[in-house]
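So, here come the structures, one by one.
Both complexes below contain subunit A, partnered by subunit B and then by subunit C.
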Partner chain A sequence: MGGELKTASGGMTGVRSGVGSELAERAAGLLAGGEVRMFLGYGAGRTPLRVRPRHVLRPEAAGGLVWNEFCAPSLAKYLLEEQEEEGRVGVLVKACDLRAVKRLVADRRVERERVLLVGVGCPGVVDAGKVEALLARAVPGEMVEEAGVRDGVLVVQTRSGVREFPREEYLLERCLHCEDPNPRDVDLFVGPEVAPWPARPHDYAEVAEVAALGAAERAAYWDRQFARCLRCFACRNVCPACSCRECCFDVWEPMWLPREVSVSEQYMFHFTRAFHVAGRCVDCGECERVCPVGIPLMKLNRALQKEIAELFGVERPWEPQEKEPLAMYTPDDPDFH
Partner chain B sequence: MPVNEPHGAAQAAAPGGATAGARPGTAEWEPRIIGFCCNWCSYAGADLAGTSRLEYPPTVRVIRVPCSGRVNPQFIVRAFQKGADGVLVAGCHPGDCHYSTGNYFTRRRLQVARRFLEYLGIDPRRLRITWISASEGQKFADTVREMTEEVRALGPNRVMRDELWAAN
Partner chain C sequence: MKRIGVFLCHCGSNIAGTVDIDRLQEAVRRMPGVVYVEQNKYTCSEPGQEQIRKGIKEHRLDRVVVAACSPRMHENTFRRTVESAGLNPYLLEIANVREHCSWVHKDREEATAKAVDLVRRAVAKVVFNRPLQKARIPVEKRALVIGGGIAGIQAALDIADAGHEVWLVEKEPSIGGRMAQLDKTFPTLDCSLCILTPKMVDVAQHPNIRLLTYSQVENVGGYVGNFEVTIRKRARSVDESKCTGCGSCWAKCPHKVPSEFDLGLGQRKVIYVPFPQAVPNKPVIDREHCVYFKTGKCRVCERFCPAGAIDFTQEDELITERFGAIVAATGFDLFDHARYGEYGAGQDPDIISGLHFERLVNASGPTEGKIKRPSDGKVPRSVAFITCVGSRDDHKGISYCSRVCCMYTAKHAILLSEKVPGCRSYVFYMDMRTPGKGYEEFYKRSQEMGTQYVRGRVARIYREGDHLVVQGEDTLLGRKVLVEADMVVLATGITPRRDAGELARTLGISYDQYAFFNEAHPKLRPVETNTAGIYLAGACQGPKDIPDAVAQASGAAAKVTAMFSKDTLTADPLIATVNEAICSGCLWCKPICPYRAIDEKIITERVRGRTVSRRVATVNAGLCQGCGACTVACRDGAMNLLGFSNEQVLAEVEALCR
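Up next is the complex of A and B:
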């Protein structure tokens, strides 16, 4: 990537964003009818490339809800705190977010009956961080004024002109692997279904790349990655598989994770975080998306997925399994030699 | 040394053979192996090795655990952080667990953990998981001897080490 940004011809004409007001109407109806006490959706964010979670409590506030190609964050983890209050909560889910909700339900952290799942067909969401980085590299201090998608191309109006980004360049990595952009078994579906696109296979190419390095280079690679870690715990907080009431990183006795910031302790943190979700990771990629320093966390999660798939014959390790692969055994599991 | 210095740099800074004692690179250097042994089989196996006067290298520090299933993979990481060059996890043979199924779970979990540690840069020969019964004193001695040779050939571990042990 890098180099010149492409300038869009035709300015911003025909660039649309969102599926209209259907979602707001449905949410308002659910709230007015008392079916849910709250609706969790998206509201406008601080730039046109970003949205923020919006907790809607009153029907008249539903107008602030948006649904568009910038709705990357998963809202699943917000359901945890909502479980503490009585009543049912409506939540907008993309297909990938649905896997996250299923994870929380399977872990018995969220009661399925107390959630009203509102599904939406997703054309793939924008990796705002990636687009912002591309823009900033080309024009320092660039500001985004308007953004939307036209014929599968992201069109961004900035202070210096109108730019466009092809699909492969702006989509989140998880979207390129998406097999079905329409969530199934939801309670309600809003907007049109989205036609699937050719999904990249789960071939673990990025894992193989790291595994192909020599042992010393591999360690040096992870040293470099982990050295940037700020221990902000965003990866843990966003993860739908990381929902223990008491987290080993928070306890002081025993102190599993000393507060010292050293590469050695970063290994402890990242090994533990990845291993604790091994066999339960839903491959949503939220950890990597929220990482403020760009640690390739999915390369850890995917390595574990790959190992579990290979060792125990789990075909689709990113989907909630009937029995968690590491919480079961068979007498003829592969042995050590 | 700066806290965030990668182990490659630490390796370059390590005294190579000039210092006396058990420094890496000297003839006196011996690997440090942490051995997690289950109470019911492998610890008794180690005991038998001792009472049978079997000789094995004094490189292993045995930690008794109630079951190999007690060995949280974080223990293994911690051992490597705090200066272990190798980690041995020994439990009852599959099917013989005192708690019926503990070691079956261990086997699954540590298969994954071992490969994951390899992915993070730890040579898989540094982590050995093996089944030793209470009557296999000889196997315990052989395992420690073999592993010591293997880890000695690999040299001191550099990965994941905290500052104190980085150059050791």
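Up next is the complex of A and C:
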């Protein structure tokens, strides 16, 4: 673990694929032609392992857009803020991000006609948090100077040398389960399609692992996880299924979530969050990715996904459904009289 | 601070026998907001209610909690009590310390502790109770009766006689239903049609009844007092305003198909009335079998019609009308004995159902009332009757008793011995069920007329040359029985109409595992459904004989006329409301609503100096039944169920978790 230390190799260029320039051109064209009033994409981040969302308003500014293996964040949630303004917004989506946009559309929080979806084939993205942790574990205070993926290997130039990470090590969890890295039903597609790789099946192994613990051990496990929670609400803010105008965690009357920080209220928060996205979670894992203290939130989400798959026969509960299994009355429901 | 009064009921020893009321009273006295506690032997009694009134006045109570039985029993009683003392009736809460506590626990300590918790919950909730006002909704004084069998006919006549307009919708070309297919009726042996046709004619002639035959209910919207119903009037291909019912068309029609009315034992023409006494006596063209509709040639009926009433171009008509109440009287189907492999699987022509026998014995039936066996027309010398075919048989998935088969089998045995003197008859039965006026006597009469009753199920029926062999067991004598019979009549049971579930979904009423429609309460509300304004009559609710179906029909009619006696209805205010400021407009509340009470609407508001419009959910107060499904689906808490508001429920949870 941790990427093998190599002697410094020659000048690394990072990744500047041809897709990036094609994307910049298309975005500039869309803005210039008035087809969109804004284009949402990625720009360079503060460290080579990370990118930042970039809101491009003028065609001249489109040159700052990038596309590479560090474009992990989903841009879907930014669409929510753009709904009040008139006009269409272009947004760059990976296959997984498309699920998030569909979620927002299904929840009627985003109007499909007011979004121009620009799809891109994704080779799998880097879990920056995981890589940074591995680097820091090897050399405390390690600084990344350059990074790029070459032939399925993440090469990181640090102050102390070059480290390489194999694909299984650097990929974000959701990429391991990716069934098709090319978004379908988009308005535009930039760059070539990417060949799929063998996806890990959704066997809910991580759920079974926790479920196998005894009741006391399981409680202790979650006590430990929730005790770290800072109530920063990053998990909620990034979640495409959490799009209420006013979140129940923010209101004072009734006070669904008392402000007291205790283990029992943390349970209240996390269970409520998990139940509120149950049947609507798109399995993007963004909540877990953005959690600053590393709470394994997807274990809760997946446990509910599993239940829904088993109880309602919804085989892909992470895909927005025409009829949501938990939000639907059917006359043959045995519980209805 | 609220001033809460708590009234603890002993319910004789029902509650006090298990819950220590004195200790409960001590605990309640210390609960926040409680200013007065009182106990009574029977709080629902007049003195008990008077205590509540006195308490409200003397202690200036503004909230009341009664710890007693289930709110299903006396919530309304106590609401009226507090109302009579000047409080809003919805400032009352019930703590159910009987069904939820004393009746289900033995240990006095534990039961008392639980009772304290239950009262604490109610006290915490009642703090957040708000005064609620009943809404008034107008009533459209027009009734819809679905199904023109005896139950539907009776309901329609009773409502119409009370002076209200009734629309009677029947799927078949004529009203009359199953009763029209019967020969005689037990236990008096009246001719079925002789007592039915006067009522059918009454329907046709009644100034308040509009009869729509060959028609079906397609869609039901709206709510009690204001249903909006779409009816499909199928194309008859005959102009009813011109047709005189002279019969030339069906006399001359050259094509015959098996008659549904005679269950395929006889034939009818392609243009037809189902039976001679049909109401209306106006034919329909069966377009599926009509040669003109298939090949474009024929038109014989048109040529012979003296009134020029044949209209091949007629199309289905969709009629939409408003109704205040609906009576479902859709009747039943017969169990299909093809499911009994051991009884010939419906393949042997001489193994027939009870209804087939009715047609065979009927003077206007295919054999003109001569009992002949279907295979070769021979008059049978020995007939076996088998009861409980498709009833009380868990192996066939039907556990219930069809209630009429014992009696109609006794009737068949009597009719057989009258029509074919000397014919031997055997009835294989499980139990004889004769719980009606004159029924036991009727059964005795069939025995006295020579029918041999054998207690036991028949294992199988098989053919041996010219006759059938019924192999069974006489459980009273404990021996095997073999009976030779020329014909076997299976007393097939009553099942719901095959499309009953579909109609129930259209109406928005619930139904049981078999698809019989559910009554609101099996004892106390037997003709109402859980959907306000929709009532039940006849066998659509469960197996019934004619007197029961007629009685229930009159009961349903009484409910309808009682409703129509008022100009407006009061609607329960315990319904969902939307906090539009919070509502995200996701509308996941819409598909979860069983009553289709939720819709969307667009509101406009000022946001940062601009006027914007957005979508929010809205609740139709007439349709909402207050089930609360939407409040659970609503993540931002914009849906709130009055009387069970988010604030109230959270307060209850807090109180119980304390």
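Simple rule for what comes next: the second predicted complex is superposed on the first by the 309 of 337 C-alpha atoms of A that agree within 3 Å, B and C clash if a C-alpha of one lies under 4 Å from a C-alpha of the other, contacts with A are read in each partner's own complex, and residues count from 1 in each chain.
Criterion: contacts are C-beta pairs under 8 Å (C-beta built on N, C-alpha and C of every residue); 3 or more make two chains touch, one makes a residue touch a chain.
Fair warning: this is a prediction, and the values are worked out from it, not measured in the lab.
Q: Aligned on subunit A, subunit B and subunit C: do they clash or fit?
A: They clash.
Q: Have a look at where A:253 lands relative to subunit B and subunit C in the superposition and call it first, second, both or neither.
A: Second partner only, subunit C.
Q: Considering only the touch criterion stated at the top, classify A:222 as touching first (subunit B), second (subunit C), both, or neither.
A: first
Q: With both complexes superposed on chain A, which partner does A:109 reach: first (subunit B), second (subunit C), both or neither?
A: second
Q: Could you tell me if A:303 is touching subunit B, subunit C, both of them or neither one (first, second, both, neither)?
A: After superposing on A, A:303 lies in contact with subunit B but is clear of subunit C.
Q: Quick check for you: in the superposed arrangement, does A:267 touch first (subunit B), second (subunit C), both or neither?
A: First partner only.
Q: Go through the superposed model and pick first if A:245 touches only subunit B, second if only subunit C, both, or neither.
A: second
Q: Compare subunit B and subunit C by how many residues of subunit A each one touches, and report the one with more.
A: Subunit A has more residues touched by B than by the other partner.
Q: After fitting the two complexes on their shared chain A, where does subunit B collide with subunit C, if the options are 6-14, 42-50 or 150-158?
A: Clashing stretch of subunit B against subunit C: 42-50.
Q: Could you give the residue numbers on subunit A that contact subunit B in one complex and subunit C in the other?
A: 248, 256, 326-329, 331, 336
Q: Within the complex, which stretch of subunit C touches subunit A?
A: Residues of subunit C touching subunit A: 501, 504-505, 510, 518, 530, 581-589, 591-594, 607, 612, 615, 629, 633, 635-637, 646-647, 650.
Q: How about subunit B: which of its residues touch subunit A in the complex?
A: Residues 3-8, 73-74, 77-78, 81, 94-95, 101, 104-105, 107-123, 128-130, 158-163.
Q: State the interface residues of subunit A toward subunit C in the complex, per the touch definition above.
A: 84, 107-109, 243-248, 251, 253-256, 276, 323-324, 326-329, 331, 336-337
Q: In their shared complex, at which residues does subunit A touch subunit B?
A: Its residues touching subunit B are 207, 210-211, 215-216, 218-224, 227, 248, 256, 261-265, 267-268, 271-272, 274-275, 278-279, 300, 303-304, 307-308, 311-312, 325-331, 333-336.
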